[in-house]
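Two complexes follow with chain A in common, the first pairing it with chain B and the second with chain C.
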Partner chain A sequence: MINKKVCIMGAFSVGKTSLVERYVHSIFSDSYLSTVGVKISKKDIMVNNIEIAMVLWDMEGKDDFSDINMTYLRGAMGFFAVADFTRKETLDAALQIRKRATELIGKSVPNILLLNKEDAAIREITDAHLAELTDSGIQFFLTSAKTGKNVESAFISLADQMML
Partner chain B sequence: MISPDTAEDMKKLKKLLLQDEIDRLNKIEAQINDPLSETERVSGVIAEAVIMSSNKNNKFSKAIEPVLENSLIQNIHKQPQEYINLLFPIIGSTIRKSISETLNSMLGSFSRGLEKSFSLKGLKWRIEAIRSGKSFSEVVMLHTLVYSVDQVFLIHSGTGLLLMHVERKDTVSKDADMVSGMLTAIQDFAKDCFNKDGGDNSLNSLKMDTYTLFIEQGPSVYIACVTNGIPPPEFPSKLRECIELIMAEFREPIARFDGDTAPFAGAGKYLLDLLDVKFAEDGKNISRKVKATPVIVLSLLFMLLLCKSYSSYKMNKGVNLIKAERGIFLVDVKKPWGFKPWHILLYRDDFALSAQEILKNNGYREDLLTVQSIPFISYDPEIVRRRIMSKLDIPKDAAAFFDNGTLTLKGSAAIRWITDARQIALATPGILRVDISEIYDPRFNELEMRISEIEKIYIQFPHDKSYPVGQDAQKLEDVVNLLVKLEKLAKEMNLNVSLTVYGHTDLTGSIKYNYELSQERAKTIAYMLFARGAHIAVSIFGMGSDYAENSHDDPEKRRIELKVTLLPNAEKGY
Partner chain C sequence: MSILNLMKSVIAEFDITLLERVAPGKYNVVGTPPKFYKDLYPDLNAPWKTSSFLEFFMETAELFFKTHSEGDDIISSGLWQEDGISSEYALIAYAILKNGERAIIVRQLKEEFAERKNILQKARESLLIQRQLHMEASYDIVTKLYNKKTFLLAFSEAVKNAQIWVTPLSLLIINIDDFRIINNTYGIPAGDAALSELGAVMSSSVRSDNILARYGEDEFMLAIPKPIDQAVEIAENIREKIDAHKFRQPEHIHISVSIGCAAYKKGDDEQSLIDRAHQALDDAKKCGKNIFRKR
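Right after this comes the complex of A and B.
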């Protein structure tokens, strides 16, 4: 059995917990319960015929990233930085987290930026922002924990990269 | 003299006397010449020789020291694993000793505590102790230390990933992978909370009900162990021993660990050893009220909530309460590090509770969170409802319902209130329609009754006369009384009463004459009513003989007709 520790980080209320719930239990709820500390779940998947267990560390949302919690990040073998389509500042936050986490882990680990709430009618993250992301070579997925769009693909893609 | 024979005899004699010695000498000679038997001989005494020599002086050890040292170093380089295997238990045992000392003193106080207690069972145990010659506390231990080890986790400290997990057959457990993550998170958290300056302060046991979670830290892995009941004193040292064995055998794969747990399958045997430990003297087991892991997980969560998280938990609850409140739109929550209150930014309608009120109503301190609130107008139905209700002073027999943009007024209320309410409602944000078809003013009935009473009255006139006589003149009194009452009622309802008097004639006489006569009759009635105290606006109309038909002298046609009109009170405005 291969176990992989994956951290899910991002600003407050961007949908980290919802994404994990969607991926692990295929459920979505409109109600919002902010995560305290860290919540751990697990999902077994097959990558290239190898069974791996992703241990998902869903961390509490933080709006200031100066103290992104190294203790929980320790030993992460991959991570997601999550932003919320309806709030531009969460994208800035996610990019900052991404940078800081790579520094803290000390080596470059597979990571993916998730732009969540793709289903939302009002978007603050525009096509121009997406173009910018593409230019800078950052890997990202447009996801919706609500409709389930791209959630599975994102997790599988990260798992793939961790097994390289 | 010795003859040759004598020499021969001597030889014989020698042989006779010394044969044994000769044989022995030959044997010794042979031995000396054979290196193998020489080694065999020396080997028998060398140990004694060394001991003897080192007892006298340490010349020998001095001589041999460099040789030994060299070969030892070479050996360690060649087979480090072997030496780790050898050394770990030795180092460990020193530590174990000090632990068991601490434990003993703990158990001592435990039994002292029991010795003081008095119960029937205690008495029985005391008798047993006297009979068997054991100490009382020993007897108590035998009876009380019923325990089992339910689960053992081997966890990689760096990642929190589970390397190996064993459990008793009858244990229903939560996913071990998740539990190990949680355990590690909690330890990280505990270190973070209590131990910012780096001393060794890691968590090593958690108690919940009859379950205890033991954590034994190794260099880069740790063992967590769920036990039920009171474990025997040697249990912690068993744990330590186990981790030492595992460290000795798996040092390398642990150092290289990248998620693959296959190399650790062999650690299972050490963990199983722990499971096997039992100390139930009389064989019975503590009832399993609760299954181990959920309880442990609960207790872990409990731990989390206890430290910083208790306040975070409260703040989180608070935020959710505020967020759930209608008419409040939560924009942002800032969570400063440490124990400072979270700062929330929200939009709030005037008709929503304030954040402080919400906190207070739910038993929290008002200053649990710091709040910045920006006023806004909410179209939340509940808030629209509160908004309109605060503006309408609803009378006791009326009710207002708000649903889907429509305000429906029901029951009975003064007409004035109804019309006012309608206007206010239409000017209130969030209200699109007002339905007043189901509300009425009960005084309308009375009003209608009075009006019809008045309008029923016929006052007839003698032929060619412009004033009523007899009974008809009397009727004017009734009209005045009715009018006064009507006017009073109308005034209450903020209505103005006006009366129209139509005069009629029969067919005799010219049209022009009849017209003037009818007008005269109406005018007379108006004066007479005024004179009798009906101070209301009266209009008069002479209708001539228009309504009269064939008959020439029909008394029915010589009459006036009364018509009451109600108008809203113009002064107060509509």
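Right after this comes the complex of A and C.
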């Protein structure tokens, strides 16, 4: 079994814990519970007939992205930067986190931007923003921890990239 | 009293595990570990091997021990929760260096954790409520676009930028042709559904630095930081997209828009630019609708 450390980062209340809960336990709760510190979960998966344990570090959301504890990234083989579709500033934060993280652990470390709460009625992140992300070559998934949309696909995609 | 003797007595009273560093990266468990520790790490010979965070912390502690050989120092990790432990408590690890002795303690936090979590939770919930109120006050609920109030604030800033920095600014007023007929024929809920789709079509045609808003019942504003020739291209693109769009609700309905375009000129303020775009819109309506005109 190969251990692969994956960090999940983003502003507060973007749905980091819900994404992990959805992926690891296939559950979703509407109630919002702040994460304090780091929550560590594991999920065993098969990638190209190789068994790997994804060790998911769900990190406390920060109002100020510059305050995220980047030392926790040490040893990460991949990471997710998460934003909330209903709050444009969380996309800005996720992009900054992504930039800082790649500076710290290298651009070759696979990473995916997750735009969560895809099911929300009002969105501040528009098609125009998505077009700009595409133009920038940033890999992203539109996810919903609530409905489960694209959650599994995003984690599998990151796992695939980590095994390359 | 040495740190180990001190800790042994403390361990007896609190939920604490002490790991004595016997060699770089090698630790012995001191005393009787508390129940939480036995639950988490049944194999006490190498407890840290089962914990991703503790393993990580031990690497951090090694760096600390390498760089600090003397003095009384404590570093602490953040809190963490291992897979499977109750959400009611967390663990915290400290690396301690005292009188040349090196150790790591792992503590279980219950009351402090709950208190910290409650404080954070309340602060964030309050922020989210403020945010929700702001959203409801800023957006049009039907189209999910900015409402008139938000548009005017953003447009005022855009006009100021054009005045100060002499940057281009164009304004499009997009009016649905004969929208009242749609509402009267199919009912207001169906009209709202059509508006919602229309908002999505327009959103997909603009860039993130554009300001798109529902300004009135059947009227939309789009401010673009581009000269008029580029704004006209965007206007024609939007008009064509809407003209070709197959609405899901009301089914098979055809909707067209007329568009008035105007560019910021020296001496303009918000109102004069809006007035000129409205005049261009009137020109478009007089020319038979489903067309754009500029002034």
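Observations on the model:
Note that the second predicted complex is superposed on the first by the 162 of 164 C-alpha atoms of A that agree within 3 Å, B and C clash if a C-alpha of one lies under 4 Å from a C-alpha of the other, contacts with A are read in each partner's own complex, and residues count from 1 in each chain.
The rule is short, and it goes like this: a residue touches a chain if its C-beta (ideal position, glycine included) is under 8 Å from a C-beta of that chain, and two chains touch if they have at least 3 such contacts.
Since the model is a prediction, treat every value here as computed from it, not as a measurement.
Superposition note: with chain A as the common reference, chain B and chain C are in steric clash. In the superposition on chain A, contact is made by A:E60 with both chain B and chain C. By the touch criterion defined above, A:S34 lies against chain B and chain C together after alignment on the C-alpha atoms of chain A.
Contact with neither chain B nor chain C is seen for A:H25 once the two complexes are overlaid on the shared chain. By the touch criterion stated above, A:G75 is placed in contact with chain B and with chain C alike.
By the document's definition of touching, both partners, chain B and chain C, reach A:K42. Using the contact criterion defined above for the overlaid structures, shared-chain residue A:H129 touches chain C, although it does not reach chain B. In the superposed model, A:K4 lies in contact with chain B only, and not with chain C. By the touch criterion defined above, A:F12 lies against chain B and chain C together after alignment on the C-alpha atoms of chain A. In the overlay built on the shared chain, the residue A:A121 is in contact with chain C alone; chain B does not reach it. In the superposition on chain A, the residues of chain A contacted by chain B and by chain C overlap at 3, 5, 12-13, 32-34, 36-38, 40-42, 55, 57, 60, 63, 69, 71-72, 74-75.
Those residues of chain C that touch chain A in the complex are listed here as 52-53, 56, 59-60, 78-83, 87, 90, 92, 113, 116-117, 120-121, 124-125, 127-128, 131, 135, 139, 141, 144, 203-204, 206-208, 210. Contacts from chain A toward chain B in the complex involve residues 1-5, 12-13, 32-34, 36-38, 40-42, 52-53, 55, 57, 60-64, 67, 69, 71-72, 74-77, 162. Contacts from chain A toward chain C in the complex involve residues 3, 5, 12-13, 32-34, 36-42, 55, 57, 60, 63, 69, 71-72, 74-75, 86-87, 121-123, 126-129, 131-132. Considering their complex, residues 156, 158-162, 175, 177-178, 181-182, 185, 188-189, 191-192, 258-262, 304-305, 309, 312-313, 316, 319-320, 323, 332-337 of chain B touch chain A.
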